[in-house]
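Dropping a structure here in structure tokens format, bear with me for questions.
The first chain written gets the first letter, and so on, giving A, B, C, D, E, F and G; residue counts start at 1 in each chain.
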Amino acid sequence: MSIEKYLTVSALTKYLKRKFDADPYLGRVYLTGEISNFRVRPNAHQYFSLKDERAKISAIMFRSSFEKIKFKPEEGMKVLVVGRISLYEATGNYQIYVEKMEPDGVGALYQAYEQLKKKLAAEGLFSAPKRELPIFPKKIAVITSRSGAVIKDIMTTVRRRYPIVQLVLFPALVQGESAAADIVEKIHCVERSNSFDTLIIGRGGGSIEDLWPFNEEIVARAIYDCKIPVISSVGHETDTTIADLVADVRAATPTAAAELAVPVLGDEILKINQLKMRLYQAFKAELKIKTQQLVKLQGSYVFQQPERLYEGYLQKLDYFDKRARQAMQAIYTENELKLQHMLSRLREVAPIESVRLNKKNIEYLQQRIRNAGLTYLERKEQRVQAAMVSLDMLSPLKIMSRGYSYVSQDKHVIKSVKRLKTTQQIEIHFADGTAAAEIKKIKEDQSND
Amino acid sequence: MTDKPTFEENLTELEEIVQNLEKGDIPLEKSLEKFQRGMELSKELQFKLENAEKTLTRVMDQNGNEEKFERDEDNEK
Amino acid sequence: MTDKPTFEENLTELEEIVQNLEKGDIPLEKSLEKFQRGMELSKELQFKLENAEKTLTRVMDQNGNEEKFERDEDNEK
Amino acid sequence: MTDKPTFEENLTELEEIVQNLEKGDIPLEKSLEKFQRGMELSKELQFKLENAEKTLTRVMDQNGNEEKFERDEDNEK
Amino acid sequence: MTDKPTFEENLTELEEIVQNLEKGDIPLEKSLEKFQRGMELSKELQFKLENAEKTLTRVMDQNGNEEKFERDEDNEK
Amino acid sequence: MTDKPTFEENLTELEEIVQNLEKGDIPLEKSLEKFQRGMELSKELQFKLENAEKTLTRVMDQNGNEEKFERDEDNEK
Amino acid sequence: MTDKPTFEENLTELEEIVQNLEKGDIPLEKSLEKFQRGMELSKELQFKLENAEKTLTRVMDQNGNEEKFERDEDNEK
């Protein structure tokens, strides 16, 4: 066969697309079905499926059309849609491009779900305090299908985050009639083993029918009664099962469940390291502050220059000492000056002049008294001399010297012969002496008588 | 075994110690003790985390025995 | 042990002594006593701080990683 | 010890003596006595100050370690 | 010792004697007596002053430092 | 001592004696007595004065030292 | 002694004798007596005068020392 006989995928797909687009029936189709695989994508085109008991068709509703609908489409909801059928070349899928959508009554399962939800909510199962997940679980039980993607996602995540935890899979039926009982059995089994920190119950996405076991009451109550914290991850994020509501934590995906169940080992080691560093830094900072405080105190001049504690006293003492000496010196000098002054005044009033004057005076008086004595005596002498000269002049002996003499007897002058007798001894006095004589004869002179 | 503080309790104690020291209003002697205690704790905690063995996922069989889970072993290859 | 004054009490006492001495209005004999007491206190405080510092260094040396970490931090400054 | 006059009391006495001497209205003999007393006091005070200095030096020498410690810290700056 | 006249009393007596002598109206003998008394007094006063000076010098010499100190201070002027 | 005539009284007596002798109207015996008395008096007075002079001179000489002392002090100034 | 006539009384008597003798109207015997009396008196007076002179000289001589002293003093002037 030549190569020209082979079509390209694009060419074939283009051809098929034209068949769809050109078909008059497929241009506008009125379709009834149940919404499936629906998760609301905010502000975007919506992708979902429409199905009935035997068939399923992919559907897309552009944003502009989706914004026009007046109800909130939900998974499992029966709807009436108007749209066209076309083929999306990139995937080769045909799908209905929904232009209008209306609800077509409510599904039976959905109703049952709503009823149970109300009942359990009234019992307080949902609002009851949730058990806290251990941060560092040692052993985690996982109840899910042995072959599904759930256990794989969990294993991958746990290995990545926290490979030291022991994961134990409790294989369970997660779909079908006996699934609920099996799940309950496994929950009890986990509890009985009494060695698990955390329980993850998971199932991949599916229709409401697929997820139904997780909406059954026995499962809800088993989860609620479970003493181990339970993480529930059933279906997609939009599929909220009763199990999700009653579990302690709900995870949107199995990966999220694993992330909730275990910490990141490296992060934790880092955290501990950080705590250690903080501890070290805090203590180091405290030591630094205390050291600074101490160093500051030690740096006080009191310790650096302790001599300043008494230097003031030294100066004061020197000052007083000096002043005392100066004051004493001043007292001494003042008294000495006073004394010298007094002494010089005393010397000035020494009575030496008076003494000398008096001495002269006395000498003069002595001279005078000597002179007076001599003069006095002289005068007396003169008088005596004068009298003696006069007496000498008047001496009767002087007359006798002219030849006169007189006679005396017994010192009596004899003036008359009559008084004489012969042989009488007499004395004859001459001027120049005396002579002794004896009377021989007496001759009296008459005439003279 | 039950009396021994858990990893979490030890971690909590360590965190409290760190916060106490960071507040800084405890006497030096006390904070030295706390520092030493904190260091011991952190060592112990770190040791536990770093030295724990990596595990393989097991599966619980019908009889309540844990067995190797073949899918995990596959992943490791 | 409880009766022994803490580092902070000793530090406060030392601080009071320093302030007193710096004010300088205490008798010489008293100030000498205070000076001696102050020196004792400062010695004791220093001893305690040095011990604490030794503990710090020793504990850190016991796992070299943090030391490296510290040095790295210092270098970054 | 308590009966012995303090340094300050002695210093005050010396100061009073100095002031008395400076006023100068005391008899010579009395002022000599006072001067001698003052000189005794000043000698005693000086002796005490020298003792204080010795005590301080001794106490400082005993603390040689701290000086080193401080220098080390300075080097780090 | 108390009965002995003080330096100031002696000085006062000397001054009175000097004033009396300066007035000059006293008999020679009296003035001689007074003068001699004055001389005695002045001798005694001088003796006392010399003693005071000796004491002063001796006391100052007993602590040579201050002497040096003073001299140094004088040189600085 | 108080009954003893003073220097001045003796001097007055001597002067009267001299005047009496100079007038010369007293009997010889009397004048001799007076002369003797006068001579005695003058001798006594002279003796006293000479003694006084000696004393004064001596005393003044004794102050020679002090004069020197004073001069020394002047030199120091 | 009091009855004994004084030098002056004797002198007066001698002078009276001289005057009587000068009148010349007295008998020889009388005049002789008087003359003799006069001679006696004059002798006595002369004796007394001589004595007085001796006394004077003696008293003066006793002061010879002083004279010398005085002369010495004069020389000194």
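We adopt the following convention: a residue touches a chain if its C-beta (ideal position, glycine included) is under 8 Å from a C-beta of that chain, and two chains touch if they have at least 3 such contacts.
Chains and their UniProt names: A = Exodeoxyribonuclease 7 large subunit; B, C, D, E, F, G = Exodeoxyribonuclease 7 small subunit.
Since the structure is predicted, the reported quantities are computational estimates derived from the model, not experimental observations.
Asks: What is the chain whose Cα centre is as far as it gets from that of chain E?
Replies: Max centre-to-centre separation from chain E belongs to B.
Asks: Given that chain D and chain E are copies of one sequence and touch, is their interface built from the same residue numbers on both sides (over half shared) or different ones?
Replies: At the contact between chain D and chain E, which are copies of one sequence, the residues are largely different (under half shared).
Asks: Take the average of all CA coordinates in chain B, do the same for chain D, and state the distance between these two points in whole angstrom.
Replies: That pair's centroid distance is 67 Å.
Asks: CA centre of chain A versus CA centre of chain G: separation in Å?
Replies: Computed value for the inter-centroid distance: 133 Å.
Asks: Cα centroid separation between chain B and chain E, in whole Å?
Replies: Whole-Å distance between the two chain centres: 102.
Asks: When you check chain B against every other chain, which residues touch at least two of them?
Replies: As it turns out, chain B has residues touching two or more other chains at 28, 32, 35, 39.
Asks: For chain A, give me the residues that contact two or more of the other chains.
Replies: 273, 276, 280, 283, 287, 290-291, 298, 306, 309-310, 313, 321, 328, 335, 343, 350-351, 355, 358, 363, 366, 373, 377, 380 - these are the residues of chain A that touch more than one other chain.
Asks: Write out all the pairs of touching chains, ordered by chain label.
Replies: A-B, A-C, A-D, A-E, A-F, A-G, B-C, C-D, D-E, E-F, F-G
Asks: If you look only at chain G, which of its residues touch chain F in the complex?
Replies: Of all residues in chain G, those touching chain F are 6-8, 48-49, 52, 55-56, 59-60, 62-63, 66, 69.
Asks: Under the definition above, what is the set of chain A residues touching chain E in their complex?
Replies: Spelled out, the residues of chain A in touch with chain E are 318, 321-322, 325, 328-329, 332, 335-336, 338-339, 342-343, 345-346, 349-351, 354-355, 358.
Asks: Looking at the complex, which residues from chain A come into contact with chain C?
Replies: That would be residues 273, 276-277, 280, 283-284, 287, 290-291, 293-294, 297-298, 300-303, 306, 309-310, 312-313 of chain A.
Asks: Under the definition above, what is the set of chain C residues touching chain A in their complex?
Replies: 7, 11, 14-15, 18, 21-22, 24, 28, 31-32, 35, 38-39, 42, 45-46, 49, 52-53, 56, 60, 65-66, 69-70
Asks: Note which residues of chain B are touching chain C in the complex, please.
Replies: Against chain C, chain B makes touches at 27-30, 32, 35-36, 39, 43.
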